[in-house]
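So that you can tell them apart, the chains are marked A, B, C, D and E in the order they are listed, and the count of residues begins at 1 in each.
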Amino acid sequence: GGKVYKLGLSLAITGPTSDAGNPYAKGVEDYFKFVNETNILGDDKIDCTIRDDQYKTDITKRNFEEYLDDGIVMYLNYSTGSTLGLKRDFEEERIAVLPASYHAGNLDDSNYIFLPVASYSEQLVALSEYVAQNHTDGKAKVAMFIHPSAFGRGPVDDAKKAVAAGLNLEIVEVVEHGKDLDNSAMLKRLMSKDVQYVLCHTVQSPVATMLKDSSRLGLTAKTYGEQGKLTFLGVHYTGGNDLIALAGDACEGYFWTCSFNLTSEKGEGTTKQLALAQLYGRDDKAANSHNYAAGIMVAQVATETIKRVKAKGKKITKETLYNELNSMNGANAYNPYTTMGPVTYSKTDRAGVDMLQIYSVQNGVFKKIGEPMQSKFMKKIK
Amino acid sequence: MGKNLLEVNNIEVVYNDIIQVLRGVSLNIPKGGIVSLLGTNGAGKTTTLRAISGLLKPENGAIKEGYIKFNGTDTTHLMGTDIVKMGAVMVPEGRRVFKHLTVNENIIVGSITRKDGSAKIREDNELMYKHFPRLSNVTNRMAGYSSGGEQQMIAIARALMAAPEMLMLDEPSLGLAPLLVKEIFDNIQKINKELDTTILVVEQNAKVALAISDYAYIMESGKIVLEGPSKELQDNPDVKEFYMGITKGGKRKSFKDVKSYKRRKRWM
Amino acid sequence: MSANSWLATGNFHTTYRQEQKTFFTSLDRSVFTLFLLILFFWPLLFPLSNKYMLVVDNILIAIVAVMGLNLVTGFAGLISIGHAAFVGIGAYTIASFCRTIGDSHIIVTHFWPVLILISGFVGAAFGALVGLPALRLKHLYLAIATLSFQMIFQWVINFMTFFNQGQTIFVGRVFWFTGKVGRNDHYLFWYYIILVIVVLLGFGVRNLLKTRYGRSLVAVRDNDRAADAMGINPGLTKVYAFALAGFFAGVAGALHAYLYRGVGFESFTLHESISYLAMAIVGGLGTLNGSFWGPVAIKFLDLQVEHLSEAAGQYLPSSMNLATALKPFSFGLVIVLFLMFEPRGIANWWRIAKSYTKLWPFRY
Amino acid sequence: MAHLTVSDVTLSFGGLKALSNVDMIIEPGLITSIIGPNGAGKTSMLNCISGFYHPTRGDIFYKDKKLTNSSPHQVSNMGIARAFQNLELFSGLSVLDNLLLARHQNLKYSFLHAIFFYGKASRIEAENRAHVETIIDFMELEPYRKSLVGNLSYGVQKKVEVARALTLAPDILLLDEPMAGMNQEEKEDIVRFVMDIQKEKEITVVLVEHDLGVVMDISDQIYVLDFGEVIGSGTPEEVAQNPKVIEAYIGED
Amino acid sequence: MSYFFQILVSGIVVGSIYALAALGLVLVYKSSRVANFAHGQIIAAGAFITYYLTVGLGIPIFFSFLVGMIITFFLAMSVERIFLRRLIGEPIISVIMVTIGLASIIDGLIFITPFGTENFSFPQFLPQTPLTFGGVSISWTQLVGVIITCLLIGAFSWFFKKSTVGISMRAVSDDQFGAMSVGISVPKVFGLAWATAGLSAAAAGCIIGNITGLNFETLQAFGIIVFPVVILGGLDSILGAVVAGIIMGLIQQFASGYLDGNFGLNGTGDVMPYIILLIILLFKPHGLFGIHEIERV
């Protein structure tokens, strides 16, 4: 018999953000099942415990303690709050962590957190760059529509830094939204301040409500950057199929950055993703979710790391896995089928996939806009 | 006087499964009559009325023995609503008007169990103000602000709106000034005559109760200890002394002279 | 009293003072002492894993908080839907120290007992402040006022940069006579600290309830107008009840901060307030021992359901959310069933059991 | 000197005048009764004295202290106790606890004493209990000592109501219809209590009662209210002769 | 100026939806003095049932609105029968806690379905072009929402004021024993109260679902948001719910229209209702229209 490697994932399967957490959990679960059934690690198996933490740091901590008691070798986490909150524990335990939160702050004062893809900050700055580049006359006036939490606020400062570093746009306002039923007031206010672009960093449902209101008020730009109208753009968790489900026609022309391949753009990766989903009987909704892809992706990275350590004939421990992750660059970069580009980690760079794809909603599906790109200003402000 | 409308046979009532309050109470109420039920505090008069009107349950009480028949039907284990529908309505102790409803709304609520059409109900509603003219001045006032006497009238009118065959009153004179007591009891008598409503009245004020009733029961510690036509009881020396405060000489005895010792009642 | 106090079976009181005693018989006292000894020694004999020790510590903290909630809601009858916010006030008192003087400043790491006490008083101060509406508001109106406080608390923490906008504020490791309390001893260490606090506060409450300070709480619950006529200032009593609850909550919050070595606002949301209420009710409102039963029961249930839903997740088609659904479902179901069939809480079972043993073998 | 002076008190609720220009003098050591039809303002008068209502106009003095705007607990602390017309008991508590509670103001020990329950607190609580037991004896409530007040019959609850007011050991006792809902025999008992209270404990009693027999027999002084106004006052004999009183209240017999 | 008016109109629209969501809470409170913390879940259930009828079973949308309301009516009624009936006469806090537990149970049940975590939206059935008057625009969805709200609220107001059953429901909340003595069946009244609350909740759920899309978290959060509304209006007043709903809607819209993003403030729309509530309660402890408890000693 082979060995069993223990991993743990704690995430919000219920509670806030569970609309993302749910498919994410499915992705992780399915991929590990697939690994075990198809003997990707030979005789060895991966045993990944998945536990709900309802988006609460306290429960996450308890789950983490239990995983430690169980002897996990790598940890998969989810929320921004808990990743930040457990940072010190990760340091003390010297355990590599792959969170679903791409918050740039996860990387500060910490050596063990590995962001799977480019940070929110990088995504938001990249979007800002896109706006600045494609804006035709003068300085683009931008508002930010932000989730009222650590998750939402993190990238705002970086965007401001980018502006200070010479990015040619003006951030007119940063709005932290609430649970509004009607965003008319806010949209009108933005219009009154001549705002032309709204950069969103929150979750889907408030964006959907805003898009609907904007379209009702006739404020949505028909084409990118239309004068006197609003063009909406957003970061990872603002988009996806759920946004289309919620906002319907109102989200036509919405711009979105994502580091994952979407099933609406057929490719080798998405075919595999759909096959995996079909193998384990997932419904269409989960199968096509980019959060499902994100879940698969962290499982892929974990599996790949274990595989490489094994290949070197070393014991699988927290330490060897950590070191292996750090050497995942250059020729050793790993290319999972789920992402836009390769995953690269090093002692100095712990954001995995650096490539971003901009998508836009056209006729009810997200379509690629241009080629995968990388943020330039993010390097400047670091 | 006709046959018995209500027949209470040897009932025993227990609260909270342990506190036995009634120990074999039997009553007979003839159709169209007025019967009064007297007794000391805690004797179980209120409990008896609750038992008859099916309202023991909310107080966590239950009838353990015996039966109650109303109009020939066994109602021992029926719920309050059904008993009201059958025509026995109680005016509870302490009036219990709906404080935040207007006087008229209080009265209208009484008709909730009736099925005989809104015209008839409206007619009865008018009739109540004929019986209790005092209320017609305050129809739209919140009942909670009415005086004690008015509240008692509201409670009686409310009960009458159910067009009951039998009306049970629990201490209607409670806290009322002498003139009002008189008015209320005159009304009770009138209702008995004009609407042909059978009446069971629980009272502490033995004088007025015996004056209007045909028959009376006296209750102590959960048992009926004395019964008879009201006329006879009025002359019973014990009743006279203990319930009406009249000395052997026939004079009212002064409260100033109450002694600290107690004479034993002969029925005990 | 009979000559041999061990054989005393009834209440033989010859003075009223004897009736005030905490333990009526020596047997009672001995059983209790034994119980305490067990509480102190079991972790040494049967060491638990970190996770379970954390759970146990958590239960003890919840007991502190629920004792407070029980005083204001159970004894004084003032429904508080903002108790977690008070707990949060305690935790954020510690966090404020960490923010201003640094999370490994000697005051934070060495003088933690003082900080815990301070947190209690800060909690009490806020309790009194939030209790002020009780001077005018009653019943649900008051309950919703406390809900408002909860919401305002969340908003303030979430938006103020001083509080790190709700993100975790770290708290350093504390020192004991033996030096720094390290990772491995952390949960055990706090177990003993919290246990001592629970025992002290428990006796405090028990004594309080025998005196006018406790009775006045019950008086305003049952009938505040009559209380007024009996010379009890109902307004002041209500404010005082909130302050008391605030104190307990503040202490619990401080303990929470130290135990988790960090303070983040998710630990003090409306949902937590509601679980504190659930604990108080399931335990038994208006009883002291209910404050112990409730947290134990609810946290234990939580754990069991987690296991159950995990087990279920393995066997059921994973395309169903059944495993995740099980948790809120069974949590709700237990609360509802409990209230439907035992609205007076576990404390009532305790009472029944006790009266049974007293009468045994003579039932009735 | 008069114990309690009510001078020119008016109390209005919106348009309704519950009391208008009422003057009353309550002499120490006597039984003063207030009678009148329902809604005449008797309870309102007691409410004004005990601080539940504050007169719209006029003043109330106790000895030299003005208590017009005091709140109920302040009045109670001055030594004026009150039994309510509609039961206002702590219905979830036992009779004993109801009485223990009433002694709140007389128990002087600090919060710290209470928490640790040492010295003063425990001694004073024991004394408190002893005091309450004498009242239970006095009012013959022994059988009900430990029963929940809410489960007692109306009459017994009324008795507890009076007992609780007595427990306060007041100078003045305000009784609002203590005999409502009692039969002759029980009324006699209560009368005996009231008279004993007055004689033995030298407590001034203010009595509101509808039973004229009782009022006429035991009062030293009677005030008759009707529609919020004093329509007659004096000794029982004087009042009984007053035609206005007969018309408004007593009726022709 | 159109800025101001747009905010005003939006405030009123949002407010009337609050009012409708709050209505169910008022209905239950009015007859049983119970604050229902599971109201948000019932709103969500109503919305999802309707969604299922339209999309899953393909019933025409107006018809499925009706059917959805009726189903929720019976659903809420059975909730009362199963869970709350035993608790008649128990302390209010126990009953409140039962509703909290109930909320959790319904959460669990909804989590079994895809509705618990995923997002959906109703098919579009109303014209998409908004109605615009002088620069102020309102969508058809909002307009229909406001009209349904007005109709339902008008109907319930009449019911409580005039019909004998309505009056008897109020009577029960005043004095249960007194109500039983005149033959009112208290359990029936409670069942009816819950049922009508369910009906209004379903209506609210559909309207909100049409505006924001169907997201369980969002829908269920209404159960809490309505509390400041009903308290401000006075727990037992339907009129109060309407007025307070609109006030809250306006506060939120004006807060987010004028405060947010201006003074370094943000998210004020979420907290202002609670602050305003506290301030108003200081002056009107029974809310704007709540009846004053008649307390005569």
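One rule holds for everything that comes next: a residue touches a chain if its C-beta (ideal position, glycine included) is under 8 Å from a C-beta of that chain, and two chains touch if they have at least 3 such contacts.
Just so you know, these numbers come straight off a predicted model, no measurement behind them.
Visitor: Which other chains touch chain B while also touching chain E?
Guide: Output, common partners of chain B and chain E: D.
Visitor: From chain A, how many touching-chain steps at minimum until you land on chain D?
Guide: 2
Visitor: Using the stated contact rule, I'd like to know whether A-C or D-E comes out ahead in C-beta pair count.
Guide: A-C
Visitor: Centre to centre, using CA atoms, which chain is the farthest one from chain E?
Guide: Farthest chain from chain E, going by C-alpha centroids: D.
Visitor: What is the distance, in whole Å, between the centres of chain A and chain E, each centre taken as the mean of its C-alpha atoms?
Guide: The mean C-alpha positions of chain A and chain E differ by 36 Å.
Visitor: From the mean C-alpha coordinate of chain C to that of chain D, what's the distance rounded to whole Å?
Guide: 42
Visitor: Please work out the Cα centroid separation of chain A and chain B, and write it as a whole number of Å.
Guide: 76
Visitor: Find the geometric centre of each of chain C and chain E from their Cα atoms only, then give the gap between the two centres in Å, rounded to an integer.
Guide: 33
Visitor: Indicate the residues of chain E shared as contacts by at least two other chains.
Guide: Residues 107, 111, 114, 116-117, 266-267, 270, 296-297 of chain E each touch two or more of the other chains.
Visitor: What parts of chain C, by residue number, touch at least two of the other chains?
Guide: 158-159, 225, 229, 321, 324-325, 327-328, in rising order.
Visitor: What residues in chain D touch two or more of the other chains?
Guide: 52, 84-86, 88, in rising order.
Visitor: Which pairs of chains touch one another in this structure?
Guide: Touch list across chains, by label: A-C, A-E, B-D, B-E, C-D, C-E, D-E.
Visitor: Residues of chain B touching chain D in their complex?
Guide: That would be residues 15-16, 19, 38-43, 46, 93-94, 145-150, 171, 174-180, 182, 204, 206, 241-245, 252, 254-256, 258, 260, 262 of chain B.
Visitor: Inside the complex, what are the residues of chain E that reach chain A?
Guide: It comes out as residues 2-3, 6-7, 9-11, 13-14, 17, 107, 111, 114, 116-121, 124, 128, 130, 132, 137-139, 142, 208, 211-215, 217-218, 221, 225, 249, 252-254, 256-258, 260-261, 266-270.
Visitor: Residues of chain D touching chain E in their complex?
Guide: Residues 43, 47, 52, 84-86, 88 of chain D touch chain E in their complex.
Visitor: Touching residues of chain B toward chain E in the complex: what are they?
Guide: Checking each residue of chain B against chain E gives 53, 55, 58, 79-81, 83-85, 89-92, 96-101, 105-106, 108-113, 142, 144-145, 158-159, 161-162.
Visitor: Show which residues of chain C lie in contact with chain E when the two form their complex.
Guide: It is residues 73, 79, 133, 136-141, 143-145, 147-148, 151-152, 155, 158-159, 225, 229, 270, 274, 277-278, 281, 285, 320-322, 324-336, 339-341, 343 of chain C that touch chain E.
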